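Below are two complexes that have chain A in common, paired first with chain B and then with chain C.
So, the complex of A and B:
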């Protein structure tokens, strides 16, 4: 009986929470050091633009690095957003780019001088970007519910294919509905939001203040989004998602409102995706349909799955690998680093490995997905909860 | 059943015909049937693999693409491409199809061994991601091999005047006749194979219940592999047919036909072989005939609905034909998840 209780999927979270609490009590720490650790991490990350190279030559991470970090940070945000849908609620969404595009175009429609929607020069309103961020959240959540409604009864692979369809339809819509969206040219000329000129940030000529501020903004954003996602996961809502993920029918029988919580998951994920889209359109200065193709969705799903579903550290690792490394390969440092391989690899005298890798990054990306899945189907850093699940022998494997 | 559906569709079309005339609709019908026969062949691979493994082979579109490239190499390099002697055309096509079938089958042999078999008992998302990985890998590998360019199939079927044959009700192009005919022949063969032969019976047994099939002395791994191989060979042949029909092939060509064929499989009832064939033809028709009608039907409604925004409906151009399949897929999964002939799907996961 005891054994059966332990294995009941719905009780598992409770039992696990209890055992974690017990373990913590035994080791003599509560949740405070964890918070401290996070604060320390935040401080380290915020200080990144200011690291001085001890060997001289200015800062360690110059503009190029900061723009890579900015993109990685953006994808971490997207990953955390999709993680709510895929990792927490177990709904495989392959059309996440739809929400990303929603946010980007929502902002671009207002801020681009090419926008057909607005005929007064709203791009001069300095606080537009900041006002747009909460609006993007709302618009995104709304789109999430809208696209979530028709797919409520679908599960697993079917949900994946239909959402993939949504992602493609959105792109076709953006290209073809050119009297709204500027067609394949997109909406361009979005001005960067005027940022306050903080003298403190202007440390060397090597770095533009704007990039530093962008970087800091993204770091804060990532922490904010991660915090919200974490709180959601540990709330009643998060437990409902988990129940749905483990077994929808049982969850429904236990009184979990499937429709409400599924839509909530879609809405939350979409809100964060749309938030990211607005940021993307802003630092890109444009919104072009080609920026919102299927590969974006697949990238984000891959970040979540390779990192380890349901795990925020996993998302960070996934984004660093899948977004950070391909961008890093553009740097001279990457060529130098990979050049170290030349003596070991034959015929490599005139070869630029970094460039080769970069040119073939999609081939490598595809192969990497297969390799990681075959070697580690649970991802690199699975959440502690998931680790327990997959360790348990399951015949009807959970999603 | 299938015939009845076709007739029904045709009647609907002719009722709402807005003065385009029969020639136009016959052309759409021929178009739809030809494209549909290609979709049907691809759909068979999805449906058979789903039947035995309950898994959607996301890389199936790329298997189709590999077949198209194998056929292209055979036709241009071995048989001399555009300047091919007339007597050589028939053997060239047969050889190209065989080569394509073998190439696709060997590709799937490797894919299954490396990317799918190790994950057969893994959490459900893992094989899906792995398949997406294979798909991206192959797409970009072929884009790389072709320097990102499209390749052109030789135009060996008659073009312009003399390209059609009169079959009393309408004229039909030789290539259309050939594609529709050969795909129907292949599908009939496959149907008989699945129904009548020992391997076919084993396949159906494995689809029904793997464990019991294994107890009955069926080598399940071998049967699963066989299923993959047959599906891939058909997709490879479909690749050559696509090349002969559309001319242009490239590394990313497999994605959309793949999705549409998958839709066809779901529409016919996934796991069901005749269903995939019917589904394929229906999707082909829905694309060519449906899009034409969608404009006429939807535009007033959309204009009304979006009137406040000053929009004039969506004005579905030709590029919107790709959306039709998605819409059909969503509608089928919502209102008849069993498809036309099949079992309940969509909820199983």
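So, the complex of A and C:
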């Protein structure tokens, strides 16, 4: 079909022109050094809270936007973390929320006034949050190894099912171990970490400084996590993971210690998940078991799969779509945008269809996901190698 | 620790059973250092099982395996590999979605390490300076080592960069050695069949083994290609000083390259010796062609 389209006489010049343009654009973009590209991107992202609306009315992205971005950023971090386990090492982990909860409760146990673990006024320790970030990494890595040990011999679907169980076990544990975790009430009243006071950020009165600072913190965090994941991937460690993903037996015959590197993948993924959990607990101001349900795991796996396994840009796109869009649909702007379609929607005058859409956004969303996976099974922005993997299924059979 | 004079590989009374099927039965095998030895036998004779047992994929039910005087049964495959034993696979098992260079780099895994992560073998040859470290229990050292490796990798220390560059250089040499110069960026899956066989060999060579096990290295190749592989195998022994044990069905290859041949049938050794002797051996001919006495046997029963 596609081949025939390409050969259609009328379309051919157009397609050729397009492909030349695309090639030129790619070459032009490719000639920009990588670091410069990243710096540009970072500058653009950091400036996001300060974009002025040219039509007046203050900034483009107000508090609501920033809080959406904050959540998206958090999920990007989680996605990158899970990508290490699923994308790099090929271990399908459906219980990622366990590590997210670990980090959140590790912080909440120390920072919440409701916590039974401490009886001194923790508000007196302003640097607690910053101290907890590295500790969350270590605690997370440790939990990752602990949960990784029993599932070491499992592969594929069996691994997925057992890890799925872990996610639920953690949640139930948090509810039932109420003398420590406050049961289903959770640990609340966590004070927002005192972020450094930067007067420069106070340029507009329309926005709370806190959210701007949170946003910037998350941007920096995402860059840091992405950087670390990239370094790991392009190393001896990353190659060992990839070899395990491709063929575990052969990897071990080549001297790769399967146990060590599988546990390392779990530990690295868990460390990042736990890191995200600590951040989540502090901006949420609480850690409640219900926040750590199955949906979190599913969301993160979906981000990785939709975005493209093993690919960090894919995770960013996946998080923007899966976390950003549902939140955006709650905005007035979304209704306004959809309102523009009223003239062409036949039942617009009888139904407030935008409202219906908004209320049923998860159903719409599920359908969208199915469509994406059918049309593009490799994900939206797959890593270059995985793209090739799916490109030649014939060769796979030959091997 | 390892003796320099004895044979490279010794198995004593090696037995492996699968649910009542005896795949290897009381097998004694000796492969001398710097030999090219062959392992032949009809399908299902236990040749590949022997490879799998020796490399630690299967645990032997009975018997002992020694690599250059060191007992290696009960070791995990990666530990066996670290002691200098590498292999290729009968049905090509490359990391299909990695490039040729990356495949070989995985083979270089044990040697691409730096500082604490050095393997035992390199410590042996690397001098006495590390003897203090060697006294610490290996497992503890390894978990400290992995944390250190992660930190060094994240920081991309000069050590890491150096080790990586050296590994890449070495792997390019190995690729050139097997005749895949310039193919390093090709995905393994996209290489032609012969290239894939060569890449498997390169990956095994990159581990810098003392003993190389080749499982049907010329399977599916035409006589010309086979001859090239035979040359390569000779060069592995003559130029790299490695010992080779190979399984092969093409008699032309086996008889041409092997100095010592062991014949298996139903998991038992039925003959061994130089090629000419094995070729004339009555039991070998029977195993391959069947016995003329079938009629008599069934008649007696």
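The rule is simple: the second predicted complex is superposed on the first by the 351 of 399 C-alpha atoms of A that agree within 3 Å, B and C clash if a C-alpha of one lies under 4 Å from a C-alpha of the other, contacts with A are read in each partner's own complex, and residues count from 1 in each chain.
Basically, a residue touches a chain if its C-beta (ideal position, glycine included) is under 8 Å from a C-beta of that chain, and two chains touch if they have at least 3 such contacts.
On a predicted model such as this, the values are computed, not experimentally measured, just so you know.
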| item | value |
| --- | --- |
| Combined model on chain A: chain C and chain B, fit or clash | fit |
| Which of chain B and chain C A:365 touches, first, second, both or neither | first |
| First, second, both or neither for A:168, with chain B first and chain C second | first |
| Which superposed partner A:242 touches (first chain B, second chain C, both, neither) | second |
| Partner chain in contact with A:378 - chain B first, chain C second, else both or neither | first |
| Chain B versus chain C as contact partner of A:232, first or second or both or neither | second |
| Which of chain B and chain C A:258 touches, first, second, both or neither | second |
| Touching partner for A:126 - first (chain B), second (chain C), both, neither | neither |
| Smallest separation in angstrom, by C-alpha atoms, between chain B and chain C in the superposition | 13 |
| Doubly contacted chain A residues - partners chain C and chain B | 399 |
| Interfacial residue positions of chain C with respect to chain A in the complex | 55, 57, 76-78, 81-82, 86-87, 89, 92-98, 102, 105-107, 109-110, 112-113, 119, 142, 146, 149-150, 153-154, 156, 160, 163-164, 167, 187, 189-190, 196, 203-204, 207 |
| Residues of chain A defined as touching chain C within the complex | 228, 231-232, 235-237, 239-240, 242-243, 246-247, 249-258, 260, 264, 268, 385-386, 388-389, 392, 395-396, 399 |
| Touching residues (chain side chain A, partner chain B) in the complex | 86, 92, 150-151, 153-162, 164-166, 168-169, 172, 175-177, 179-180, 294-295, 298, 301-302, 305, 309, 359-360, 362-363, 365-370, 373-374, 377-378, 390, 397-399 |
| Complex contacts: residues of chain B adjacent to chain A | 55-56, 114-115, 118-119, 121-130, 132-141, 144, 255, 259, 262, 266, 311, 314, 317, 319-320, 322-323, 325-326, 329-330, 333-334, 337, 345-349 |
